[in-house]
Amino acid sequence: MRNIIKLSVTLAVVGIISAALLTGVYNVTAPIIAERQEAEYRQALELYFPGFASYDSEEIGDDYFDLIYDGSDELIGIMGTIEQQGYDGTITYNLAMDDSGSIIGVRVVSHSETPGIGDVITTEVFQEQFFGKNYEDPIVAGDDVNAITGATVSSSAMINSIRRVSGVVAENFLGVESVAIDISEVPDGTYQGSAPGLGGELTVEVEVSDGVIVSIEVIEHNETPTYFIEAYPFIPEQIIAEQHFDIDTQTGATISSEAIIEAVQNALREALGIEVGEEPEEEPVDINISEIPDGIYVGSGEGFYGPITVEVEVAGGQIVSIVITGQDETPEYFRESNPLIPERIIEEQSLDIDTSTGATFSAKGIVQAVLNALDSESGGED
Amino acid sequence: MLIIYAIAALGVIGLLFGLFLGVAARFFAVDTDPRVEAVKEELPGANCGACGYAGCANFAEAVVSGEAKVNGCIPGGDETSKAIAGLLGQEVGSSVQPVATVFCIGDSFKTSDKFIYDGVADCEVAGNFLGGFKTCSYGCLGYGNCVKACLFDAIKMGEHGLPVVDTEKCTGCGLCANACPRTIIKMLPRGDSGYLVLCNSHDRGKSVSKACEVGCIACKACVKVCPEEAIVMEDNLAVIDLEKCTDCGKCAEKCPPVTIYRRNAIPTEAQALAYAAEKSAESA
Amino acid sequence: MEKLLSIIFIYIFVENFVLQRFFGICPFLGVSRKMETAIGMSMAVVFVMTIATLVTWLLYNFILVPFNLTYLQIVTFILVIASLVQLVEIVLRKISPTLYQGLGIFLPLITTNCAVMAVALLAVRQEFSLLEAVVFAIAASIGFSLALIIMAGIRERLELAKMPDVLQGSAVTLVTAGILSLAFLGFKGMLTL
Amino acid sequence: MKATSPYMQDLTRGIIKENPVFIALLGMCPTLGVTAFIVNGVGMGLAATAVLIASNLVISLLRNFIPPQVRIPCFIVIIATFVTIIEMVLQAFQPVLYEALGVFVPLIVVNCIILGRAEAFASKRPVIRSLLDGIGMGIGFTLALFILAAVREILGHGTILGPDPDSAIHLFGANFEPMALFAQPAGAFIALGLLLAIVNLLFKRFNIN
């Protein structure tokens, strides 16, 4: 018996000494850690809300929001700290929005996306796409915001999350009652609506009779099957059962589920005559090449990582050769659009060509450079 | 304030677990007989299973409980049995330690290969593949399963493709005998007297002589000549009973392919290599 | 319920504890020589890992968090694991000596096994509920056992293969583990929590 | 070997002859886990060395006061204390490294090298010798991590000095296609396996053993 006491007392004494030592060190380092984290956060706030005075935090669901006030306690903006499930783990990012609800900043705090592919979400080019977008604009992957191909899961995860959060901010802080769709007002009939899913356009057919959604059917999609079975028919059943749209999309196929909901909402918006954010038409960017005198022209356009400069040779009213003289795109992306795009331009002898190669940014950069070279005012004869 | 919580928490947890372990040690104390531990110390600890028990710990318990004989540990040999006997206060029966003997002298120069085998380096696997690459389907294939099985480094694979037993190191545990897929190695009581038929082939006549220059062709010459009838034919293979054998050596003289040798004159690796050199000199 | 299923799938295949996250490599290299030692070790690990996570989760959430002593988590966790392993050893020796024969030698190995400590830490850091933490521990230990048993199967055949003796032993084991990890890469990104 | 004093032997034993990673095959988890970049590898090496030296020191000081039955739990608590201190210090002063090493910092406590040296050496030797042994082993461990991290970073990312862009030096120019395998976990296994083979080869060639 005595032996047991001796053993446990020794263990306890060692434990106590270690506890005392650790608490001492903790009391020294804890403030330093807290202060450093605080400073880092203040620095980020300073970036987007220069000269802010104070902020207080609120929590909605598992997102944290800080309402930022200037000297005279006027709300000048909101900074959200959101955790979103990426390809490889959780992505934590800050979303800064001004008081009118438009996004002025996106900052990735921590992520574990695959280096070289998924971490494209930390580049300014990706983040800047969201600037100026308002909470009403349906931030749609692929149309007005480019989901970087090759990193679709990471980038579309970010895009969908930013869209959700901007909606939450708009509803809760900016006193905007959401553009709610009142199903009971929807006249009977079947309506079609579509929204971008993981693999591309997803179209649904919704049937409404005396103010109740009776059936929802996905008539066309190309989602990845393993994801899609998680979302369909589970999500439509939920919508029909609850007759509203904020249902749990954490089905392990968040992107497809949100796409279905969005498509059903678009279908009903059309039915109610609320204008759906239509496609921003790109004005045709073509010039008449045959008029351009023969010669070599130099021009430059905006690629993914920086300027792309080209040398275009025109002979007999035709583009004969396009040489890319300078670029610093990421090798594996640039390879997808060079020499494909120059060949396409020469073949079709026009700039209005399909730029959705594996690297949309670089492709558009080249077209811009050629346009810049040939455009008589801005381009110069070499 | 925090420091008090920390000290309290860790102190309590340390105390708790210390008590917990102490009580558990007492409550679940397994009343192991100290003698078992002492006997276990004496054993070589190779867990070879020659004593017939599952490892040394098991054998130690059996010896202390009187179930197993003091000299049951074969690898341990005499000094282990004496040590255990000393511990348990019993007198020592002399343990006759067997030795591993290879019943095949058909080395790679006296037999030939049917085909070139480049598969898994394992006797069993090689043996299963079309009856083995050697012309004799009972002979040693030379991939050393016995060598791998031996815990006392007492058996080595010779240049001539047959295992060579180091009788000093061999503790008679029998692991090599079990490991050999063709049971070429047998455990015999130690001794130099007596003759052995160093072959394992159950074929007859022509098929043996074609396969190996020194294989037993079951001609029964040795059986007829042996004055003590110590030799008996078991499925076309002559087997000499060492108890009856009076070491007269008549069988060895009569054996046409010279497969029978006295126990202390078993053909060695050197002889085989010399034979090979001479044979290649002849043919060159 | 559906989150539990995804936890099970993820921590056995997608984030296998040995092949993708590098926990428990020392026993993985040491014990995977023969199949029965691998199975023995796997059983011991599944048993200890589940109980350890249960105890550490309770300790963390009911003692450390309320008194905000979370910085003590490393000391308490490792103390719990070490004492638990010693306790299991004592109890096992009494209840079934044969099981102790087979399993006993692995138990001290488990105290210094990174996987057990990693599971306890990750269960707490990812804010799992109690049920999720236990399911997480079971899934992780099954993942560990899966990798161990596959490796044992391969290594038993490796012993017989002819290879340059410089590569013999742990060098070839590591390279094989690399190829195994490549195979498990196929599950990458299939499912996220 | 010329007659070096036992102290010198203690110090140099861990670096090459008994290198904890390449020879004793201990501490495999951090070795594979954090060597994607040189900065992280060396960081982990130094953190582990600090813990190793401190714990060897304290354990050899207390070796006569701790009853043998409760030896392992006490050693573990001492080591865990130092690991927590290192974790707090790293979090306060080296946040980037702390973030990169992640869960492997607390895992130093179950690092087989530290507990191994504590039990095999420190609990039986006087303070000075255990200290030197700790330093030797620490240097050996950091050296091994550095070599593996160098191989993995240069092949896997084509850079030196680490993940954050402004300090990383691109070795092979912009459009060098790095062998992404070595950035993956599988590459760590393969790289370490081949390194072990090379070390075996060298030891056989210069027959150190």
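Letters are used for the chains, namely A, B, C and D, taken in the order the chains are written, and counting of residues starts over at 1 for each.
One rule holds for everything that comes next: a residue touches a chain if its C-beta (ideal position, glycine included) is under 8 Å from a C-beta of that chain, and two chains touch if they have at least 3 such contacts.
It should be emphasised that the depicted structure is a prediction, and the values quoted were computed from it without experimental measurement.
Shared contact partners of chain C and chain D comprise A, B. Between the chain pairs A-C and B-D, more C-beta pairs are in contact across A-C.
The chain closest to the protein's centre is C, with centres computed as averages of CA atoms.
Distance between chain centres (mean CA atoms), chain A to chain C: 37 Å. Distance between chain centres (mean CA atoms), chain B to chain D: 44 Å.
Centre-to-centre separation of chain A and chain B, using mean CA positions: 72 Å. Chain centres here are Cα means. That of chain B falls 39 Å from that of chain C. The residues of chain A that reach two or more other chains are 3, 7, 10-11, 14-15, 18-19, 22, 26, 30, listed in rising order.
Residues of chain C found to touch two or more other chains are 71-72, 75, 79, 83, 86.
Residues of chain D in contact with at least two other chains: 70, 73, 77, 80-81, 84, 88. The touch graph of these protein chains is complete, with an edge between every pair of chains.
Listing the residues of chain C that touch chain A in their complex gives 2-3, 6, 71-72, 75, 79, 189-193. On the chain D side of its complex with chain A, the touching residues are 66-67, 69-70, 73-74, 77-78, 80-81, 84-85, 88-89, 91-93, 95, 99, 157, 163, 174-178, 180, 183. Those residues of chain B lying in contact with chain A across their complex are 2-3, 6-7, 9-19, 21-23, 25-26.
Residues of chain B that touch chain C in their complex: 2, 5-6, 9-10, 13-14, 17, 20-21, 24-25, 28-30, 54-55, 57-58, 120-122, 125. Listing the residues of chain C that touch chain D in their complex gives 19-26, 28-29, 71-75, 78-79, 82-83, 86, 111-114, 116-118, 121-122, 125, 164, 166-167, 170-179, 181-182, 185.
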